[in-house]
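Chain IDs A, B and C follow the sequence of writing; residue 1 opens each chain.
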Amino acid sequence: MSYKAKFKVWRGEGGEGRLEDFTVEVNEGEVVLDIIHRLQATQAPDLAVRWNCKAGKCGSCSMEINGKPRLGCMTRMSTFAEDETITVTPMRTFPVIKDLVTDVSFNYQKAREIPSFTPPADVRPGEYRMQQVDVERSQEFRKCIECFMCNNVCHVIRDHEENKAAFAGPRYLMRIAELDMHPYDVADRKEAAQQEHGLGYCNITKCCTEVCPEHIKITDNALIPMKERVVDRRYDPLVWLGNKIFKRSK
Amino acid sequence: MEIERHEYDVVVIGAGGAGLRAAIEARQQGKRTAIVCKSLFGKAHTVMAEGGAAAAMGNVNPDDNWMVHFRDTMRGGKFLNNWRMAELHAKEAPDRVWELEAWGALFDRTKDGKISQRNFGGHEYPRLAHVGDRTGLELIRTLQQRVVALQQEDYETHGDHEAYIKVFAECTVTRLLKDGDRISGAFGYWRESGSFVLFDAPAVVLATGGIGKSYVVTSNSWEYTGDGHALALLAGAKLINMEFIQFHPTGMVWPPSVRGILVTESVRGDGGVLRNSDGERFMFNYIPEVFKDKYATTEEEGDRWYTDQANNRRPPELLPRDEVARAINAEVKAGRGSPQGGVFLDVSTRLPAEEIRRRLPSMYHQFKELADVDITAEPMQVGPTCHYIMGGVEVDADTGASAVPGLFAAGEVSGGMHGSNRLGGNSLSDLLVFGRRAGAGAAAYVDGLAARPKLPQDQVDAAREEALAPLGRDGENPYEVHHELQRTMNDLVGIIRKAEEVSEALEVVEKLKERVRLVGAGGSRIYNPGWHLAIDLRNMVLVSECVARAALMREESRGGHTRDDFPGMNPEWRRKLLVCSASDGSSVQVEERLQPRMRDDLITLFDRDELKKYLTDEEMAEFDGIAKS
Amino acid sequence: MTQTTPDAPVRRQRAQVKVRTLRTDRWWVVPLLTFLALSAFLIYGFWAIFDDSIFVDPYIAPFSSPCLAEATCPEGARLFGWAPIGDWYTLPGGLLILGLPGGFRFTCYYYRKSYYRSFWLSPPACAVQEPHGKYTGESRFPLIIQNIHRYFFYAAIVVGLILAYDAVLALVHKPAGVGTWVLIANAVLINAYTLSCHSCRHITAGRLNHFSRHPLRYKAWTFVSKLNAKHQQLAWASMFSVMGADLYVRLVAKGIIAFPFA
């Protein structure tokens, strides 16, 4: 049932580091995070890894396993061959603090730049009435566990550090879509999505969707619909004209 | 080395539901507030809560109201609850839930557009506001986003996001500091860098959650090392009800690496049934006397309840958690368990696959991805897992204030609200109601202070030395000590307890205390998990001792405390609370204290027949007197 | 209030992994296949424009439909017997109309993904570094023009209807012909692809925030959303079907395929 697996794990404080080799026991039913923990308990007590719920619900143990962004707790060892060397590295888009732990403050900073939910001033708590069909789209986006793997994998910032200032990343563009589709949100988010949060940088190559552990259809359900909403506002003279006429006739 | 120092009005330790709600309240009352948490912002254990937040809004069944909720809560806690807390909780929960909606939460809806409510064990009516089976995530995200909204407001007025509320993420508090008998601040370290940090603050709100990491099989994350419990004890506050630990009846039992992870109660609420290896729905054999008239006695009636709740009694799968956990435990012990040592929880034969995926999406994924089990096609294997501690810091119900001036507590770390057993869904509403009250309590306390208490340098030095000690030592591996503590608590102070076993556990704990003083951690101070664990061990051992000592003393079985040698409930014990303190900072004393009498208008909400099952003759005579007048 | 942040531990930089990717699977297979398939389509399309065997009664090659130029359209090939472009125009007829379906596909959200990945390698696959020093995506000229997609969608609806009309004509005149059924299959796929478009999804009801107030549009949105989930598959299926149908008609027109029920 159990076997010895070969691991290469990134070790180092800050960005300077190296892949260190380990041979470690693996038992049936284990996930990569279990193996990292076994390394901690037996071979490298100071091996740093961020984790929390161990059930794919908190989004803490984001790492790159054989080059792919994954949650350590949701990557079963049985998906690898026993003789395969498994390489574990920290998320590439963010600065390394130590070993597998990265500084993800970029994400919190971006979260702060997006104006919060803005309900109409005259609706009091308890008076909200929303139909299920009207909240379902935003609910999908609220499944997000903020593992930040979409922001990590997105080439706009992964391969271009200089874009970080102008681009909020899939996570927060999706947050804008979530609020824009909220039945009670009255803020206008379309201009800002394009102008301030870099929606235009997205070239819909869908890596965010591919890595999402919650299987949120980030690109199809959030980013593209948001792009279309921006088109309504900025690039579609017919819609603009229609709105003018419609508003006047009302 | 100079220690970085921050001045705040209120420091909240813990960024789960209770902590965030407390911080929001303190900030809304104009206090400069710090939130200190061990994980990243938004990762707290609250995300694991699945079922929902219990609030008697009456959206699904208009007969529901706070009095029914209050009764359910007291009944669930076997009348040991702090009744004032249960009252406040039942009355205020709806407002707290509605408030979340105004902050952007999106609950599932009823047909007429209100917040939908679902059934849950121990609740008479559908009462849990929910979002699929990820309500905890919704709650934490909403509060997190509310904090961000307040920061944006502050940025507008002060030009600094963090002028009035700041999150210190991945930062652990190791000591509370006092000026005389008053709280004056807190000492901690950044996990990231290992450097120390000092908070100069007259009020501290503890919201650190539970103690599950003292057990091997637990649904709790690594953060649940009883920090708040221990910090309070060490600061001179008292803990109550520490013997009451809720073992959630349905945790995963396989694969080993996820053993203990929760299978939400909604599985049963939505039609899932428990079977033993003979295929029998065994819960019908375990309906206790006090619940006989509230639960179905035949499978037919139980099944009808899912569609017609008005005319049928609910199936016994929805008994309070302690009953179900004990029943599963008994079945497994009797040799009728599943191959991996649990029982079968089956929803696959009860609902169409599509419906299961829609109603229980995270459960579907959890089993698919962690255990390679398709719950729409085969039953799950489940068993009890350490889930929640009812006990905690003894607080004033209205303000969350502990016995130490300036120290407040809310959420799981506080004690009393849930009595001897918590109802599912009452935790999320507890966080909101008492989080807010503790935040307000702390703010009011700060307003009432004539002068800010001072930070005593000697305490800072001592705290610094204590934290650094494991790094300098060439001692035992902390992981081994931790593991032994977990095994001891699991095996000897678990679901079913005996005097000899608990005494044995106390001896082990005593030895572990010594070993904890000698553990060593290699490596540097930068993000060093071995060192962090070495520091957390002090808390786990201290809290485990409280649990064991109180468990040994309470000679009856009630809620989350089952004594094999005292199997029945004893009305005399109902009136008594066990209070833990640690005056010398390392050994725990437990004392009995009488529970205050329930207010007349509250006790008369119950039927005489029901009270009879819980109260002493003397108390019943008193009740009759009240009822007559 | 005095606030200091903890000293930054060592250097604040990313993990200095020297390789382009640590992926161990064959990530390059999909972009390579995409590149080959799209290239084949482009080459075929280029050839088809200059090929003049566009019609054999009752089939018209989809790449040349609608046929609008008097000079190049055989009598039966004209849409409603009408050729609005006079005989002054002597270039291939396909040039007049191919821009519309071509533009629709070029600006399609799915095709954008596929050619950004396979042609421009931006990125070639997830977590594989792209070879460009700078990137601004669709935030500025020229790629900002991609936002025109919905206009191409309106045009593609018309083209789709015409192809359907062509197929119906073929069905009326030669119900047992293989070509008829090739054209019908193609018309179905083309229209399904067109309807599954993200812009279409947006126009039906995606732009609304209250589905419940527009039950019919919500129904349409639900239907389009279902198709939209298959947009990628439909994009490929319809691309091969239009290429296949076009080639088939041309081969029949050239007499290369000449069995009785062709």
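Note that contacts are C-beta pairs under 8 Å (C-beta built on N, C-alpha and C of every residue); 3 or more make two chains touch, one makes a residue touch a chain.
A quick map from chain label to UniProt name: A = Succinate dehydrogenase subunit B; B = Succinate dehydrogenase subunit A; C = Integral membrane protein.
Just so it is clear, the model here is predicted, and its values are computed rather than measured.
**Q** By C-alpha centroid distance to the whole-protein centroid, which chain wins?
**A** Closest to the centre of all protein C-alpha atoms: chain A.
**Q** Which chain lies the greatest distance away from chain B when centres are computed from Cα atoms alone?
**A** C
**Q** Between chain A and chain B, what is the gap in Å from one C-alpha centre to the other?
**A** Going by mean C-alpha positions, chain A sits 29 Å from chain B.
**Q** If you average the CA atoms of chain B and of chain C, how many Å lie between those two points?
**A** Comparing mean C-alpha positions, chain C is 55 Å from chain B.
**Q** Which positions in chain B touch two or more other chains at once?
**A** 192, 526
**Q** Hunt down the residues of chain C that sit against at least two other chains at once, touch-wise.
**A** 9-10
**Q** Quick check: what residues of chain A touch more than one other chain, meaning two or more?
**A** 13, 97-98, 103, 131, 182, in rising order.
**Q** Could you pull out which chain A residues touch chain B in their complex?
**A** 13, 27-31, 34, 40-41, 45-60, 74, 76, 78, 97-99, 101, 103-104, 108, 111-112, 115-117, 119, 123-126, 128-132, 135, 138-139, 142-146, 179, 182, 215
**Q** Report the residues of chain C in contact with chain A in the complex, numbered from low to high.
**A** 9-17, 21-25, 109, 112-113, 116-117, 122-123, 126-127, 129-130, 132, 134-140, 143-144, 147-150, 198-199, 201-202, 206-207, 209-212, 218, 228-229, 231
**Q** Quick one: which bits of chain B touch chain A in the complex? Just the residue numbers, please.
**A** These residues of chain B touch chain A: 39-43, 45, 47-48, 94-95, 98-99, 101-104, 106, 108-109, 112-114, 116, 131-132, 134, 137-138, 141, 145-146, 148-149, 151-152, 161, 192, 221-223, 254-258, 261-262, 362, 365-366, 369-372, 477-479, 521-524, 526-531.
**Q** Along chain A, where are the residues that touch chain C in the complex?
**A** 10, 12-17, 64, 66-69, 84, 87, 89-90, 92-98, 102-103, 131, 133-134, 153, 155-156, 158-161, 163, 166, 180-183, 185, 194, 198, 200-207, 210-211, 220, 224-225, 227-232, 234-236
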